[in-house]
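Two complexes come next, and they have one chain in common, chain A, joined by chain B in the first and chain C in the second.
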Partner chain A sequence: MNQVNIAERSPRDLREFRPSNFKREIDLLTTSLRELNEMLQGLRNDTARDEASFRVTNPDGAHALAVGIDAPLDVEIAGHVGYYCGGMNKWARIVIDGNAGPGVGENMMSGLIHVRGDASQCAGATAHGGLLLIDGNASARCGISMKGVDIVVKGDIGHLSGFMGQTGRLVAFGDAGEALGDSLYEARIYVRGKVESFGADCIEKELRDEHRAELFALLRQAGEAHRVDVSEFRRYGSARKLYNFHIDNTGAY
Partner chain B sequence: MCGIAGLFLKAPQLQPQLGGLLAQMTSTLCSRGPDSAGFALYTADAPSKSKLTLTSVGGRSDFEILAPVLSRSIGAPVLVTNRYTHAILTIPTDLTRTCRDWLVENAQDIRIVSEGASLEIYKEVGYPDEVARSFDIVSIAGTHGIAHTRMATESAVTTTGAHPFSTGPDQCLVHNGSLSNHASLRRELQRDGIVPQTENDTEVAAGYLTRELKRGKTLGEALKSSVDDLDGFFTFVVGTKNGFGVLRDPIACKPAVMAETEDYVAFASEYRSLTCLPGIKNARVFEPKPATPYFWEH
Partner chain C sequence: MDAMEKAWGYIPPRPSATFDKHAIAEIRRAAATGIYDIRGGGTKRKVPHFDDLLFLGASMSRYPLEGYRERCDTSVVLGARFAKKPIELAIPVTIAGMSFGALSAQAKEALGRGAGLAGTSTTTGDGGMTPEERGQSRTLVYQYLPSRYGMNPDDLRKADAIEIVVGQGAKPGGGGMLLGQKISDRVAQMRSLPMGIDQRSACRHPDWTGADDLEIKILELRELTGWEKPIYLKIGASRPYYDVALAVKAGADVVVLDGMQGGTAATQDVFIEHVGIPILAAIRSAVQSLQDLGQHRKVQLIVSGGIRSGADVAKALALGADAVAVGTAALIALGDNDPKYETEYQALGTTAGCYDDWHEGRDPAGITTQDPVLTARLDPVLAGRRLANYLKVITLEAQTIARACGKSRLHNLEPEDLVALTVEAAAMTRLPLAGTSWIPGL
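Right after this comes the complex of A and B.
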């Protein structure tokens, strides 16, 4: 296993951020996307706080913005972004002051990605760790094949959310669309609103104290502790009937 | 892939910029569909006049010689305006059928791309920016328009295979995706008197909407029933004389983003395409929900 202990340096709690007062401003009208990404990807863990803080202006929906970062940087993006923003993120805190296109935080490993607006499809797809926080709604396939990331969506999540989720937690303050948690493995899903329908092998499970505690810890990281009552959520998970092949289930595959 | 852009203007002062804005929106989508492009624009109409957009599969560009011959034949004035490989024939509305029949009989290389009081369609094979420049789309004013950049999957890369498709007066449709039941639906439409001119799956979707509108459905109702009757992947943007609609399949396979301000409603495959619009930074930007028709009317 190629596991690293990233809890030490990786910010994943809104309260923990002490962003530098000095932010280096990068204007994407004058700096190319490639130049920006190469610079961010070139910075390492020992980067001084004042040199690790960026504000990106005029993103104008650019794709693959701030991807592949491997250092505890602080990147604020002033506007809407396109596909795959913050993909493969490690350590960094990325705040998007706008909407995010498909695949925000795809395969992120650690750190925090905070979308202040809505996120499009496949938010947090295949992500292994860190926290993806979405203030608005996330559309279809939120957390598809999630592998350890925590995703907190303050609005609704679209259809097929949590599809094949392996581990990690997916929390929605609002409603969930059709086929929630289809073919789910061990990801845990908490939804406060109504669930349109379940996908194959997804069932409601009892919300016990340990789950309330887990949920409370997630809400605290999202800066929502005591603002939302953890008892209002319901817990969903895998019935564990599909993920080992059984001949009687062929119709459900 | 394929790219779609659509712009429905609420503010009359933006109308002179329709073509310019749509061409800019489409320019961002070149990489999504580099093989052909098309523009449908709803322009000024004149009382009792209709416009036929023509193109020639034989490479003809001397459309002006058609006018006097057609005019003599129907006994009414005919105006021809050339635009690159297309031409607009302006004719009396009540003689539309006669003109269409005359063209089929006497100019077999001609294809009628669109018909309507205000609709004009310009589409051609080539890189979308080049197509827009060649047709001088920037110079066209209007109330609303839709555009498409094509990466062909279902039929050949030809002028008539490019989007938008029009199968009824002042109706047009662009499509990102592919339909699986277009062959059976094409046969059904033929029985109902709507004869698709190409092998393209999108033309079948356009024909389906035309049939449903003919049967008395509103645009919203026709979009709603297409969720049940069309099988496959689709994001559609459709135009009618006064309206503009959007529909995505229930899986929401293809991307879509919309923006609305007091001045316009805009659609695009990617947000990048909307950034050229005035006041976009304060627009309400949202993703249309799957299997949910959206439409706006003037």
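Right after this comes the complex of A and C.
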């Protein structure tokens, strides 16, 4: 059994996504976290479009909002969210109209999570699929241990971003902090700005036409294709020198 | 015969107690290979253990129960603190987390079968949940590890409980290790890694640090699973009093406490032998922590690390644990280190009973390997039956002791039933030294 592609499908194209004009409004001042999540998790693929669109108000930094959704819902959260918003998401398009706390989109499998503000640490941690789009900056360890997700950050990414990244792509329009891509496996990193320093086994690699095309396609999915020139990015990946232990490499850690 | 021998008689060569043959061999091996020793299993050195305790049994002041007639309940409920669907096990002996990857698919299936037959749970490991394992396990605990290999919401919801792994007894503070020889195509796919690489898992969780974050992580896991599943928290025995207190504070339903005798699939020998404390030294502190918080028997305590017999089970429960977990013993029950493969063990430079190079993937018994020729040697049905037999025997042994102490439930065993044989064990367990009323340190 092949469990590599456990993400069900590629992320939605933001430009083609047409949410319903009708959005059911859920006010977290009067609805509990449990009630919200239970309702969202209870909806399945056959949910009618008009019943699959939600606007969540007064999140006030609540944790674990909209986690574990298993249907192509459209969830807009009007405000800042706490830890783990959209955790383990499948299929859904979740838009956070504010900042996101640590671990936004952690372990997401598919769908799209769009943070209109900044994201705290560990955005997209261990995520297997889908697209995580962050309009602002992402803090430390963005894409830590990523396993197939695509992450596009329109600002800067903090230190140790891409740490132990296994597969998937991490894109930053701005700068990257210290120790980018430390102990990287096969995740691919594209940064347009400057990189403070590389982590163990992370190196710059040539940006060839196929990579420009890959990056363009990814940015197109994110609705950003024509806003930046893909040639301005640099590509980073694993030198693969630490894949098998050797005593003479211990100084690399 | 030289002149000195004539004068004084034979003078045998004197080995150094400090530089003994193992220390010398290790220095020579390090110099020759340029790599530290990696092996499986738990500590091999002698440490204070359950053997250092004895039951007093019934006599004039207590009366025993009839061994074969009067009931002695063995069931245990785990996870009733917050979970809507706590787990009820027929016996207080669970199977510890061991990964597909470290173990063959057949071995994982056998663990599920054996545990099911005995009415207890089995646990996944650092490699995700396989369909064989889920299919054959009546009650399956899904480990939530730093690596999150294969972690996904569907498997999470298929689990009967979730065990957040902070650490394990063989290597508190260390991450997983699975060397290239065992990263087969299927293992690599389940872990989203290239084949053949040395996979060194993270030692910390990627998206939380400390007990305050963990509280939110537990909230997320409960929200993901509708507050149905018990949340276990597994820690390596090191600072049990405070670690257990923090686990309770973070919202765990069950604490799993693993001593340094607990096995690992592969870790540096120096880590196994020098980090962490024996389970005997950890239980009373953990129980005290629960008691101080008013959570003893409300948050269940599962202890592991060197559990072999029903006596060990009974002693752990008498010290205040709610259940135990077995790993190494379960593998032996399946057929690990079977003397019938002695010739092959010798070819690997070891002998049956000592084989611990589980990371090399050449296990003659077909358990700690991904080699299809070797794995085919293990019949999951037969091995599962052997495990069930073993689990039932040690439960019966524990009942035998409990009845002798006059207990109609295994969980009615208590510290008062025990004494210590050594001063060290007495101090660690806060039990009186046998024949005295002296508890060192109190």
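Things worth noting here:
The rule is short, and it goes like this: the second predicted complex is superposed on the first by the 239 of 253 C-alpha atoms of A that agree within 3 Å, B and C clash if a C-alpha of one lies under 4 Å from a C-alpha of the other, contacts with A are read in each partner's own complex, and residues count from 1 in each chain.
Operating definition for what follows: contacts are C-beta pairs under 8 Å (C-beta built on N, C-alpha and C of every residue); 3 or more make two chains touch, one makes a residue touch a chain.
Source: prediction; values computed, not measured.
After overlaying the two complexes on the shared chain, residue contacts for A:Val228 are found with neither chain B nor chain C. Of the two partner chains placed by the overlay, only chain C lies in contact with A:Thr167; chain B stays clear of it. Of the two partner chains, chain B is the only one touched by A:Ser139; chain C is not. Once the two complexes are overlaid on the shared chain, A:Lys147 sits against chain C while remaining clear of chain B. When the two complexes are overlaid on their common chain A, residue A:Asn99 makes contact with chain B while staying clear of chain C. In the superposition on chain A, A:His159 makes contact with chain B only, not with chain C. More residues of chain A lie in contact with C than with the other chain of the pair chain B and chain C.
With both structures placed on the common chain, the touch criterion links A:Leu207 to neither chain B nor chain C. In the superposition on chain A, no contact is made by A:Ala217 with either chain B or chain C.
Using the contact criterion defined above for the overlaid structures, shared-chain residue A:Met88 touches chain C, although it does not reach chain B. Common to the chain B and chain C interfaces on chain A are residues 63, 82-83, 102, 121. Interface residues of chain A, counted against chain C in their complex, comprise 1-4, 6, 33-34, 37-38, 41, 63-64, 67-68, 70, 82-84, 87-88, 90, 102-103, 106-107, 109, 121-122, 125-126, 128, 141, 144-145, 147-148, 163-164, 166-167, 185-186, 243-248.
Chain C makes touch with chain A in their complex at residues 34-35, 128, 131, 147-148, 150-153, 156, 179-180, 186, 189-194, 196-198, 202, 206-208, 213, 216-217, 219-220, 223-227.
On the chain A side of its complex with chain B, the touching residues are 60-63, 79-83, 98-99, 101-102, 117-118, 120-121, 139-140, 158-159.
Across the interface of their complex, chain A is touched by residues 250-252, 255, 257, 270-275, 281, 285-287, 289-290 of chain B.
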